[in-house]
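In structure tokens below, several structures.
What follows is a pair of complexes built around chain A, which joins chain B in one and chain C in the other.
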Partner chain A sequence: MLNLIAGILVPEEGVITMNGNVVNSLEPEDRNVAMVFENYALYPHLTVFENIASPLRSPKYRQPEGKIREEVERVAKILRIDWLLQRLPSELSNGQRQRVSLGRALVRNPEVFLMDEPLTHLDAKLRHQMRAEFKEMQANLNTTTIYVTHDYLEALSLADRIAVLNQGRIEQIGTPDEIYYRPATEFVAEAFGEPEINILTAGLVNKDGWMYLNLLGDSDHFAVPGRVRQALEEHGADTVRAGFRPKDIKYSFTGDPSMLRASVYSFEPLGAKAILTVQADGQLIRLIAAADLDVKPDQPIYLKFNVEEAIFFDSGTGRFIARAGEKGVRSVG
Partner chain B sequence: MAELVIRDLNKTYMKQKERIHAVKSLNLTARDGEFIAFLGPSGCGKSTTLRMIAGLEDITSGEIEIGGTVVNRLHPSKRNVGLAFENYALYPPLTVYDNIAFNLRAKKTPEEEIKREVGKIAELLHITSLLDMKPAALSGGQKQRVNIARAIVRKPGILLLDEPLSHLDGKMRQSMRTELKRLHTEIKSTSIIVTHDQSEAMALADRIAIINEGVLQQFGTPLEVYNHPVNEFVAGFIGEPPMNLFTVHAFTAKTGKKMFRIEDSLLEFEVPAAYREKVRDSQPYRFGIRPADIHIVGGSDPHTISTKVTIFESLGEECRVHIRVGETLLSLVTGEDVHYRTGDPIHLLFREDRIHLFDPSNGNRIQ
Partner chain C sequence: MYALFALFPLFWMLLISFKHDREMFNTIFVFHPTLENYRVLFSTGEYIGYFMNNVFVSVGAVLLSLVVGVPAAYALARFDFKGKEDLAFTFLSFRFAPEMLVILPLFLIYQRIGLYDTAFGLIWVFQLISLPFIIWILRGYFEDISPEIEHAARVDGYSWWRVFLKINMPLIKPGMVAAALLSFIFVWNNFTFALLLAGQDVVTTTVASLKYISSDTVHYGQMAAAVTISALPEVILALLIQKHLVRGLSMGAVKG
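What follows is the complex of A and B.
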């Protein structure tokens, strides 16, 4: 899709417009878009200054030298690489190289930025820092930006809106909160969040005037909140899929009647927290636990599911039906 | 099952006429049934060590002992080890069943016993339904399961895993990690995993050996290396998001209090009680604090720093706040419910019992 917008690929059908003008038949260099790639593609023999200046020296966009200097310095300051201008790419860290390649895109004052996985090359530690730096720069740019990534953290952190793509189709377009709290499909729900959301098949049972979920071989512990109940009744199916984020399932080792019995499957400490996988009714469920928890495999454990935070999907199509909590409902104004 | 003892192990080799000292005087013991991770950046010597244990690489000096026997001169097949590498190396023309059975047949195990053993292992690794398939028809995760099944069917004294999850994509990697951890609780074989991924080492291992430039830095449980890193390298390598590390300068304020000032900033805070006797005025120190150990508090006092939010990220499970300090960012992790905006004033408290201090001259922890 990014290549179609850039003009590298030509669409078979449909139109792409920028500022109201159809650009389908425009050559890439006439579209005023700037691309930033995963690999930085810097000229190794040119200094940082010359690399950033290179688009301004091309025959098409040629600028007077004084103007070039001014522009390069302005951009370098935003990116905080003004102290590196005389260095060669080989003398830079990966993070600095990425900033130079951004600088080269910025200097043209494009109408649209196209970024193709610009942080994927960096190791996990640097990525965390660069993502925040990216966000800091973005706040100062105010240019329409399309950013391609497979990393859900980058999408949630950086984007005003996210388009989730699956096999060439858009599954959902929405704000990060909408995507995370009200995913349009099970695919979207599973793509955001680590550890992954637990999506379980649940029967709907009416008992004593309440609606309950029949989940994991148990129908006593999951009363459906009123707001969702109405949506589920309107939906009409007697089986749905119920999604629980790992942090919305609490555990205890001394069960009380409000809890569901399960057993410990595995425990993976990760420093500040741990992933606890438990087994109930033959299914594995992931929870977040404290890193210093002392558990033994197969030890009994009791679970409390926060149905208020559950996300319900159609059991056939996997499409969103309802969520009790208000989170992710777009606020007006 | 067997104990593994590594004594004064060294490896040197020539590369482009230069002598490379890849493993330097390594000493460690993996107890019977323990799950050990060799963790470090690429080129640190962790894989070389694993290959020396397996017998695929000569030992320059030192000893490797498996189950009480020094194996330095033993052929790989005689060392009682099972190997699973990053690239699966399954035999393409053979079915999954025959791939797993291969080593047992080589040992002339009776077919009936092979059938029983392969069946058992296949169940353990959830690949029973794949036994009649050829490797080409399998996904990456399935191939890795077969690969591991083939390594453990021989009931090796030590199971050696070289980056077994690195080839898998994010989700598959996570579920295989869970399965690998579970598998270890079931087979209880002494296991060594080589990885460059700290979260993999933390999640899987009973103890982690952190290696850098051929030298063992620290050998401890996941909680030990996370909470008490012995040096700045370990501190920075373990943990995601990574520990904040800054240079601070000690001084005595007009109030008589010992203070730290963060380099390239005006941020100052009182030296934690535990370090007051240990730091000297005008000396630089490396100061470390994990993002989860910084609290946002309501007001300021000498222990807090007052600053402004540079960047706020809402990431679903958690939020992160970043504050620009010179060339780097100070990052902290918060619960999901409070949202901040760029420029919001904020008071931060470094949890006193979670502060790490390192000597800038050698990187060692100041106790």
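What follows is the complex of A and C.
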């Protein structure tokens, strides 16, 4: 996808436009895009300085030598690699190489920045640091950036708009809020959020003028909120897939008739919190628990699902039907 | 042990090149060193002519192979086309055929089309030797260069040709030097083609060394001197470009 925009690959069909001009037949050097490659793609025989200066020395974007020096030093300072300028790429750590490759893009003033997983190869700490800096840089640069990542946190924190791709097809394009709260498909819902969302098949039961969900063999306790009910009725199916974020499931060890009985399957402490996996009716459900919880496998546990936060999908196509509440509704204007 | 085995003949050659003909067979290490052989060698301009012939055809063959071989190696490394491996193998197979086997048809062809006994004819046949080397060595070097590096340079605003000259060429330089040197040595030392495909006009030093076998006696001293001189350029070249013969320059370009 980025290669297509950069002009490295030529699309088999379709049209790529930039600022209203069709650029399909334009060579990469004529497109005025800057790209950060996943594997850095530095020039091994050139020093860091020359690597970063390379676009400014090319016939297309040539700048006077004094200006080049100034720009390279400015960018190197932002990326904190100014003390490495005379080194060769082979003398750098992966994190430093990554930043050099970023620098090579940032010295330019392109129509669009293309970034192919620019942070994936950094260690976790540096990644978080760079993520914050990206956010800052992006606000200052004010240039369109297309940023590819597998890390949903990067996407949610950096993006104005997210396009979720599944096997080469766009599943959804939306703001981070839309993606998180109103995912278009089950795939999108599963891709965002850790631990993963629990999506359960639920029958719809009408009883006493209320619509209930038949979840995990229990049809008495999950009343469907009014707004969703209307959408579900319009949809017309009698089973749906209901998604619950792990944080929307409460647990307790003392039984209560409004709760669902399950048993503990596994417990993974993660420092500040823990992931508790429980088993109910043959299905595994992930939820977030306190890290100091003391549980044993197979211990009985009682769950309370927050239907107000549930996300409903079509049971056949996995497409979004409805969710309760206002969260993630596209703000007008 | 290996060094001794490999170097002793060279040493022996050097020794006899300083020996007088009459001391040739009755002395081993103790003799009266003389420059007589070298003096005879250069007394006529003949030998220098042979030497220059050899320089001309060898350098010509290597240059021709580089001009053809570098793009060929690049294509074999980068592009996927039908029969790619077959083509690469065909280049290599030039090296399989014994020279004696192909020399006869080549001889006939050369006589027919007038390439016999011309410098260009020799260059043409010598590049059969040097081209496969250059292609196969450089192919590996090109494969070591990640395509992303080229893409990055394109995005940086360089045209394809500039990328090739500014990014690819410096990166394959060590390979190019090594391949050129190796093929130069092979071409320089080639005897069969030079003997049979050239007559009086383009005599190379390897062929010329035969001239010291006269009907009544063999001038081993002069022959050794001639061969010593003809081995010099190889040694000098190898020493000069030694520092370029380093690999691993492309390390650190992409995530390994």
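FYI, the second predicted complex is superposed on the first by the 298 of 333 C-alpha atoms of A that agree within 3 Å, B and C clash if a C-alpha of one lies under 4 Å from a C-alpha of the other, contacts with A are read in each partner's own complex, and residues count from 1 in each chain.
Throughout what follows, a residue touches a chain if its C-beta (ideal position, glycine included) is under 8 Å from a C-beta of that chain, and two chains touch if they have at least 3 such contacts.
What you see is a predicted model; the values in this text were computed from it and never measured.
Of the two partner chains placed by the overlay, only chain C lies in contact with A:Ser90; chain B stays clear of it. By the touch criterion defined above, A:Pro176 reaches chain B but does not reach chain C. In the superposed model, A:Arg245 lies in contact with chain B only, and not with chain C. Contact with neither chain B nor chain C is seen for A:Arg261 once the two complexes are overlaid on the shared chain. In the superposition on chain A, A:Arg229 makes contact with neither chain B nor chain C. In the superposed model, A:Tyr43 lies in contact with chain C only, and not with chain B. Once the two complexes are overlaid on the shared chain, A:Ile8 sits against chain C while remaining clear of chain B.
Judged by the document's definition of touching, no chain A residue lies at the interface with chain B and also at the interface with chain C. Chain contact summary for the complex, chain A toward chain C: residues 3, 6-8, 27-29, 31, 33-35, 37-45, 54-55, 58-61, 88-92, 94, 97, 101, 104, 121. Chain contact summary for the complex, chain B toward chain A: residues 170-171, 174, 177-179, 181-182, 185, 199, 202-204, 222-223, 226, 236, 238-242, 290-292, 310-311, 313-317, 320, 322, 324, 327-329, 331, 333, 342.
Chain contact summary for the complex, chain C toward chain A: residues 146, 148-149, 151-160, 162, 167, 170-171, 249-255. Taken together, the chain A residues at the contact with chain B in this complex read 80, 124-125, 128-129, 131-133, 135-136, 139, 152-153, 156-157, 176-177, 180, 190, 192-196, 245-247, 265-272, 275, 277, 284, 286, 288, 291-292, 297.
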